[in-house]
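The following pair of complexes shares a single chain, chain A, combined with chain B in the former and chain C in the latter.
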Partner chain A sequence: MTGSLSPKWTGLACLVALVFFPWFATPFWIVQIGAQTMILGIIALSLVWLAGYGGMVSMAQLVTAGLASYVVAYFGVQSDPALGFRLPWGLNIVLAIAAGTAFGIAVGLIAVRCFGIYMIMITLAIAVGFFYLARQNMGFFNAYNGFHGIRAPTLLGLSLRDPIPFYYLCLLCGISLFGFVVAAARTPLGLALQGIRDNPRRMQSLGYNVAVHRVVAFGIAGFIAAIGGVLRVWYAGSVSPGSVGVGSSISILMIAILGGMTHPIGAFVGALLFNLIQNFAIDFIDRERFNTMIGIILLAIILFMPSGLVGLVDRLRQDDRRGDRPPRQTAPNASQQSPKIKEGNHP
Partner chain B sequence: MTSRRVFFAAMVAATLASPAWSQAPTEELRVGVLATLEGPLTSLGQEAMRGVRLALSEANNTVAGRRVTLFTGPTNATPDSAINAARRLIEQDRVQIIIGPVSGTEGLALVQFAKQNPGVTFINGTAAAPEATYRDPAENFFRFNADGVMWQAGLGSYAFQAKRFRRVASLVNDYSFGWAQMKGFSLEFCRAGGGIVERLWTPLGTTDFSSLIARIPRNIDALYVMLVGADATNFITQYIQAGAPVPLIAGTNTVDQTVLATLSRPRLREFMIGTPSASPVVDDWTNERYQQFVANYRRMFPDGLPAPASAGLGYYLNTQAMIQALGAVNGDLSGNQARFRQALASTVVDGPAGPVRLDENRQGNATIFVTEVRAAPDGRLFNSFVQAFPNVTQSMGMPREEFMRLGVPARDTIQCP
Partner chain C sequence: MPVSTVKSQTDDVPALALASVGRRFGALVALQDVTLTLRHGERRAIIGANGAGKTTLFNTVTGDFPPTSGRILLAGRDITKMPPQARTRLGLRRTYQTPLLLDQLTVRDNFYVAVRGIRGGRLQLWRGADAGADEQEVLRLAELTGVLPLLGRRAVEISHGERRQVEIAMALAGTPDVLLLDEPAAGLSPGDRGTLTALLRSLPSSITIVLIEHDMDVALGFAEFVTVMHNGRVFCEGLPAAIAADQRVHEIYMGHRHG
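Our next item is the complex of A and B:
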């Protein structure tokens, strides 16, 4: 192939690379980089879904995942005998995902009337409140201690806590949810949501119930984040107030911004970049200063690539086309082409 | 087009090349140290690093002919930061032994993490939550320093009998180390006949204590304060600004040198004089071995604290244990470190305050001192020796079963209203 690769081929190549990656990587790369990227990507995906398609930036996505983590711990096997219930392992996952979805809907109900900066503020307030509750409450959150000794289950003789099975589990969840978001964006609900993002008043007058659509979007985001939360608690083996701190919430926003919110793939690209910076900045600079370096890199990316890495790739591709061949059909990063969506959505 | 290809090529190259960076098998001994180098316990983390470096320098940085390479895992006193740092040390720096952490809750998390990483040996730093070694201990987790309950040995009785405090209230950091210290203090204070009329709890990292100070009851003889690091400095300053209605009884870290050295104003210093505490370190004990330890510390760290604090001693003891045990097996870490661990379990550390040996749960005994804050002629504060309790065990001299029945340290473990 001499010309540029189409998105389809690039995607396929990435998929193949992701599937065969554990064959030639060390456990550090499989788990710390591979699996963790998928987990962070899934949580960021819930934010990209809300922000990219719904125009709603929620800071509460990480605590939604955190709640799911706490539910997995509280209703499963962990190290504190004084607290929690030992339900069979499948049940606590169902409960965790249900709790995350419900929490997402609840956040949506609270935040639904707010737009823009006010929505960021109210969801940030929820996140901060959740953190302080988790830190003080003994009965459910086990206060400062949190829960430890949580392990991924063994399924049909396959221990999901081993690096390779755990990586594939995360990969499977990541790809499924990515596909789910891409598909959901093309359903009537997804299209209506994008319409609401671009012009809520017009959608209202067309007969759409704006509030209900937005709350449902929050519920879906809660569902996605909850799956990320389940994987995250298995990855870390523990959950404590630090896991749901404001810093971590901001990291998720950072990941989404780094990757770009114009396409769901941005969540994973951002997560990979963020994860690499977090893990390797320390090798280039002394240990007491590496946070400064992370900050500078993030600042530079936001300054020079305002629409994230996905935006950069899009721009490169557009340059490409201009030189090579007549423009083809546009890539399915729907949210950038709002006029098209509105056409599709007119009755 | 070209630029995009370059971009992808660079990505691929980076992905392929980078695992190779972290693969260079060597003969050196790779040791990770977890220390709180961020957050409210930063001063303790820095002191902890001094303890490690002191012990290593006494051994010339070499154990059984192998050079020791240190890798630092910075944490911020939260359990998840400790787990992340430990994971990094193991998976990326490929350390064989981890020393640390500083903080109690970090320790509890690390014990569980140790169970999931049986190939690495964990030697504690100063984390002092008792449960780390008495409830569900890990095979590969060793603790040569005393726990938070043990550190308060003698304080309750001393406060009741010598200081004649009868009714006290408490203000304690709300996490496992605070609960442990509270249990250690109330164990003796309640038994002696004292009453703890109000228990105030505050999260680690509190900076504004005004609302808590307002809630301190008026009709008490003293306030038991167990705050760590920056919290202690902040509280003492604000308490004195608020008029300081009653004297203090201090938890171990509340008056150790990580805090006393930060009190520069004469009014603060004056008020703190006479404050009783209990600790594994004491600044003016005349014991020769102990004085040697203090002198070595001062020589090596002229910019360090005026005298080693409990964090320094804890890391020093645990590092020394590692050095002795590695020497005993000639640096042999093969067979999943089995021989090394066996040696570690039977190591008797020649500690500054007396020999330290482990019990069946791999928990060390300790000498604990009851101290009182005094001022040196130059005005700076130190903890003066009052009484020593050698060989304090984890069950505080009680039969183990009876001690276990008192319960795991929590907010309301031993009550005496």
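Our next item is the complex of A and C:
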């Protein structure tokens, strides 16, 4: 046993690298790559929580984050004095996160009775609806123009919009939410959610209200996405219908698929990869080809490693151990009599 | 809601009572006019050919497919319209003809989920002060059914016989009042079958057990009273010896044995 790729040491190495990374990096790397990866990763994390643990693929996570962004803009400092309210920034953030959580619950209430592809469709419809609403509504969304000049606050004399403090803020949020999701997976709620993913009917007969659990999971996903939305609007300095377009919603799904949904780390791995491609592919292919390339990479991942990069690493690690571990038994014991064919249990 | 309130009922309230229960699936009448009464602690077997409506009967009682007519009382309480989870919290448990487990979770987590399902705090984002008690209950279930070595395995990895044992253990979480077992011996090796019968016999007499069993010998050996079903109706009821001797039962039942 070499100990290479052991999750504990890999995790620690990553953590050290993430913490010391700004010492060596240029502002471009710190903000465009570092902070933005964390922000995209947080929004994708909300999807991985729902999809990986709950078996529910939601296309509405980016607009949930978008709503939080709009709340930050409308109730905070931005460039047009004729618009919105200027609440103290602490209250503003609380409001934004509460709005995102409530929106998540609302999406859950709508989507919870649908399964599989129908849930994807209904949440996609919500995302598209949100985009058009943002484009047409003057009162809250300021239609086409959106809001500009939004700035992260200054905290104890530390300006959170400077590259290094902003990076650490994003890193702190990313790591905390990642830790939260990992820990939540082992609690009664998290295990019940995974049980519902595996077999909702079974969970009912074990005493669980499946619909309530699903809605609560959507609420938690909304909370995570909303934090991502607050950071995202601070990062961009503006929010407009372009920030909540369908393309961006699909990007979040791509990130989750790239990284893999079997573990929350997949959200951040996927975000990093997506972000690197987005920033550097432009150097050698033109803008129009970018989507084609992302599409091809996505296709390759779905075809050759359905559980994303995280799944690939898992597989490599298992290969690494083979030899001093018995192979995992996967098929039911073939020597047993097979169960009766006639079955009234499955509708 | 404490599960034990049901146990404190007097003996003359049946543990489970069905009054003219029926269930249709579209045009198909799967269950018709079924009336049953089970006393507390009774061991009842339900036998009948394939398609007789035995599993459908369980489904109406548990609410997986609620009845389309009639009423169901659990310890005197009308549960006809309750959702499945509410019935479970009132002390009703079941197993499925094909074991249904939470496949990607470990056996330990399957047990934990079963224990919490009864105990409450199902939406908690923390394990809570009684985490130790939960863990003890998980171990008790594993020991009772002899699956301690399986605790760390994922449910999808274990054999068919092991799945049966795990499912029965899950149904025993928090000690049920009424336990419905749908062909628990089906597909088991003779050895496993013996272990299962021994386990069933060892269960506390406070549990009312209804057993659907295709194997007449197992059914008649376990039960104090037998209900025979045929074409969605109760065909006849009686003591095991009388049922075993009944020629009509042999005609409808044995004739279809390998249906």
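Here are a few things to note about the model shown:
Basically, the second predicted complex is superposed on the first by the 312 of 347 C-alpha atoms of A that agree within 3 Å, B and C clash if a C-alpha of one lies under 4 Å from a C-alpha of the other, contacts with A are read in each partner's own complex, and residues count from 1 in each chain.
Following the convention adopted for this analysis, contacts are C-beta pairs under 8 Å (C-beta built on N, C-alpha and C of every residue); 3 or more make two chains touch, one makes a residue touch a chain.
Everything numeric in this text was worked out from a predicted model, so none of it was measured.
Shared-chain residue A:Leu133: touches no atom of chain B or chain C.
In the superposed pair of complexes, A:Leu316 makes contact with chain B only, with no contact to chain C. Of the two partner chains, chain B is the only one that A:Ala25 touches; chain C does not reach it.
Of the two partner chains placed by superposition, A:Ile250 touches none, neither chain B nor chain C. Of the two partner chains, chain C is the only one that A:Leu189 touches; chain B does not reach it. Per the touch definition, chain A reaches chain C in the complex via residues 184, 186-192, 194-195, 197-199, 201-210, 212-213, 216, 328-330, 332-333, 336-340, 342-347.
Residues 1, 3-4, 7, 18-19, 21-23, 37, 72, 74, 76, 78-81, 83-84, 87-88, 91-92, 105, 108-109, 111-113, 115-116, 135-136, 174-176, 203-204, 408, 410-411 of chain B touch chain A in their complex. Across the interface of their complex, chain A is touched by residues 30, 50-51, 55-56, 59, 62-65, 83-85, 88-89, 93-94, 96-98, 100-105, 109-110, 112-114, 116-118, 121-128, 156-163, 170, 182-183, 186-189, 214, 259 of chain C.
Contact residues on chain A toward chain B in their complex (touch as defined above): 3-4, 25-29, 31-32, 79, 81-82, 135-136, 138, 143-146, 148-149, 151, 161, 236-243, 245, 279-280, 283, 287-288, 313, 316-317, 319-320, 323-324.
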